[in-house]
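Presented below is the structure to which this report refers.
A, B and C label the chains in the order they appear, each numbered from 1.
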Amino acid sequence: MCGIVGLHLREPSLEPRLGELLTAMLGQVVERGPDSAGVAVYGDPRLSPPGRAVVSLLGVTPHQAATALPDAVVVAADATTVVHAQSPVAELLATIATALPRATVIGSGEGFAVLKGTGNPVQLAKEFGLAGVTGYQGVGHTRMATESAVTPEGAHPFSVGPGQCLVHNGSFANHATIRRELRAQGVQFDSENDSEVGARFVAHHLDRGADLEKALRLLCERFDGFYTLLVSTADSFAVVRDAIACKPALVAETDAWVAMASEYRALDVLPGIENARIFEPEPEEVYVWQR
Amino acid sequence: MAALTEVDLGASSVRDLNQALHAPATESAASWRVLNPRGAHSVACGLKDEVTVDVEGHVGYYCAGMNQRATVTVHGNAGVGVAENMMSGAVRVRGDASQSAGATAHGGLLVIEGNAAARCGISMKGVDIVVGGNVGHMSAFMGQAGRLVVCGDAGDALGDSLYEARLYVKGKVKSLGADCVEKEMRDEHRVELAELLKAAEFDQDPADFRRYGSARRLYHFKVDNSTAY
Amino acid sequence: MDMDFASRGLRESATFDRATIHAIQRAAATGVYDIRGWGAKRPLPHFDDLLFLGASMSRYPLEGYRERCDTDVVLGTRNAKYPLHLDIPVTIAGMSFGALSANAKEALGRGASAAGTSTTTGDGGMTPEERGQSKHLVYQYLPSRYGMNPDDLRKADAIEVVLGQGAKPGGGGMLLGQKITDRVAGMRTLPVGVDQRSACRHPDWTGPDDLTIKIGELREITDWEKPIYVKVGATRTYYDVKLAVQAGADVVVVDGMQGGTAATQEVFIEHVGIPTLAAIPQAVQALRELGVHREVQLIVSGGIRTGADVAKAIALGADAVAIGTAALIALGDNHPRHDAEYRQLGSAAGYFDDFQDGRDPAGISTQDEELAARLDPVEGGRRLANYLRVLTMEAQTLARACGKAHLHHLEPEDLVALTIESAAMARVPLAGTDWIPGTPGAVR
């Protein structure tokens, strides 16, 4: 149970303000999820310089990462450690698996980093240095854990494929079976969190050639429960709600940006909101914005 | 003319606003203007006197919740459950309303000039709701009494499990819920609808609307209805 | 008779016993599921499976009457301007006017007030009789919102947001047409005589994040004066209690599966939820982990019958208990004097559970004026007050035996279990051992 915010910029001149705007949005949904938080940011030159493989990690200290990965640049952000290197993503991931076997990968890809931690989301945003982040797209989540532990690993976003990111408000009702099915097909899980099952399911279908819209339609068919999902990739920003659509969602759109949030107050902080087209996503309709 | 009291939610809390609004109305405090709501929740809820409140901007959940006698106008959009469980008075949303607008409301008039999302008028118990635009799915679910007027279209499962609420829709109805059926528009319905449209200050012709109500087939547990429960 | 069958070599199937055979025959004949009142009737691990370790040599007991053993409880200290101060930790659970007669509601109010405790409305609004006769009245806020009125909200001493009840966690209310009389229909804005079914989810919020905002609204409407309870049926109790606290509850009410109902599908009553005994340690663990045990109060209900049950629930960590079925029995439900009439209804004294039917000879679960008139609210109130006093004195007897100057000083370490099942659920050792079966701290 949670608060969701997301911002997809169309106007490049706003990119220097991405982190500042995302921080302000996140601060408006703290009440919905006071126990932990996470963000995914696309295009920040410090966290994810162009052309370099980026992997976001939990369970290691920056010092351990720097020691184990001498060729990588290490960036510390609260519980998260981001490393980037001049190599293919798969190669960096393989190196990490060997050199840092206890690390949990919470995001990988190019031009993309995931930061997670536990505690008050406003304080976490400070620890992340979120206000100083730049880029073209960002997603944030504040969490009120329902049935799984309050840990950095349990925080959203769940990023389980290259540049992919899923945040969820609600709770699934048949995720245990779907987790078993995916495990039987070789998919590995990092947590007992229901939302991770959603992320793995989407990644699994993207991996098999579905586009994001198709993957989310399949999710609607397979998953019981209540959900508002914000799902992003390096070039897409998508929103979908379950058939009953009890969990809140608002989308606002201008020529300069598309934004999504659980509550209006998180959108109110955006420049030009007074002229935005604001609407509620319809149930089981997949909305995708492409870059 | 009573004096106008302004409250800026950029400077005051919702708590301070509501506490002030809950004080007995006086000549000098019968008219209120609320600035910078910025999506705040529970704005002007629990009012019980004949005061007028104009909210200048978008509000969050439960604006004008459980309203009694007051007139509240939101010059913007309203979040979940605007005027939920209203007893009397009038609430007007100049923009759109989120889900569960007018939920379980017993009386008064709720006007939404834009669209209302899912579950508009859910479990309504006597309120009159007039929506200028469309309503979302499951609107008037279990509606017990009152009238819901929709000048645009209605989403899926309109009037599911309806009791005695009366529904009027001008546009298309995507689907009717269990036990909700179209009913004949008779003169008394055109008269009642004209009054509602007038009260809402909407310039619409009652002749363009269709009426929906309960078929009353689910009023008793019977074997023939088992698939509908 | 059964003995006779046995001696003739007839054997009843344990799987298809006579009750099961009857249920199949009933379903085949009618085509609708069975709806009844009361709570779970199957045998369940319960408080009877726990025993107190009274004081002896290593600990010192207190003398009855002379030496202090207090019983008061304060509910809603966390956020409310006016918490509830009760003399005894036994409250009356929510039961609606509609399910019960107006006289029964009034009797509950009278009995509770005389004993210094609270009573609770139900899924049908607040009647003037119960408000008038109840010193402390808790107003339920339910999915149906029947009769929900802000004036009554302001008249209430506390507000209970109901997510579910032990008899049917995940299900909505029911009231059959026989009981939807003019007055009940008027209070609920329903057509007279309909079989009323209520929603299982609240109409304008779902989940703890939105409940946070809903509780905020209720506090705003009542100017932060009143304690706000959150009531859940016991299932995933550990998580639900944590979330209720995070959503802002002052008091959490956990109703185990033995908790009663006026009308619910039999399949729901017997097959959904967990026993009260299993729910309490989960709830207490959740409160302790959040550091709010005793700051956010825990009320436990579902099968409380004796002062021993009260004392054991409190020893396991509850602040108070609530009674429903037991209170109705105190008013006269299932009394042998009505046996002939119960038999006319196809039941018998001690078996009657057709609360849904509205023909209760005791005049309690009915809206029939003649039947309802049989219950004198003053006399019924007196019987309930007597019963509440006995519960309290019994609980004090046990607490004093354990050397406690307040019922709240009872602790899990004062208890042992008679069975492995109850030891695992209540998380106290099997008597004479230090063995608590189960995985420590594991919750599901």
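We take it that a contact is a pair of C-beta atoms (placed from the backbone, for glycine too) under 8 Å apart; a residue touches a chain by one contact, two chains touch by 3 or more.
Everything numeric in this text was worked out from a predicted model, so none of it was measured.
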{"item": "Chain contact graph, described as a line, ring, star, complete graph or other shape", "value": "complete"}
{"item": "Which of A-B and B-C has more C-beta pairs touching across its chains", "value": "B-C"}
{"item": "Gap in Å, rounded to a whole number, between the CA centres of chain C and chain A", "value": "43"}
{"item": "Rounded Å distance, chain B centre to chain C centre (Cα mean)", "value": "35"}
{"item": "Junction residues of chain C, two or more chains touched", "value": "210, 213"}
{"item": "Per-residue overlap in chain A, given as positions that touch at least 2 other chains", "value": "246, 248"}
{"item": "Contacts with 2+ other chains: residues of chain B", "value": "60-61, 80, 99"}
{"item": "List of chain A residues in touch with chain B within their complex", "value": "28, 244-246, 248, 250, 263-268, 278-280, 282-283"}
{"item": "Chain C residues within the chain B interface of the complex", "value": "30-32, 35, 144-145, 148-151, 153, 176-177, 188-191, 193-195, 197, 199, 203-205, 210, 213-214, 216-217, 220-224"}
{"item": "Chain C-facing residues of chain A, complex", "value": "1-3, 31-35, 144, 146-147, 169-171, 226, 246-248, 262"}
{"item": "Chain C to chain A touching residues, read off their complex", "value": "201, 206-210, 212-213, 236, 239, 243, 246"}
{"item": "In the complex, chain B residues that touch chain A", "value": "38-40, 58-61, 77, 79-80, 96, 98-99, 117-118, 136-138, 155"}
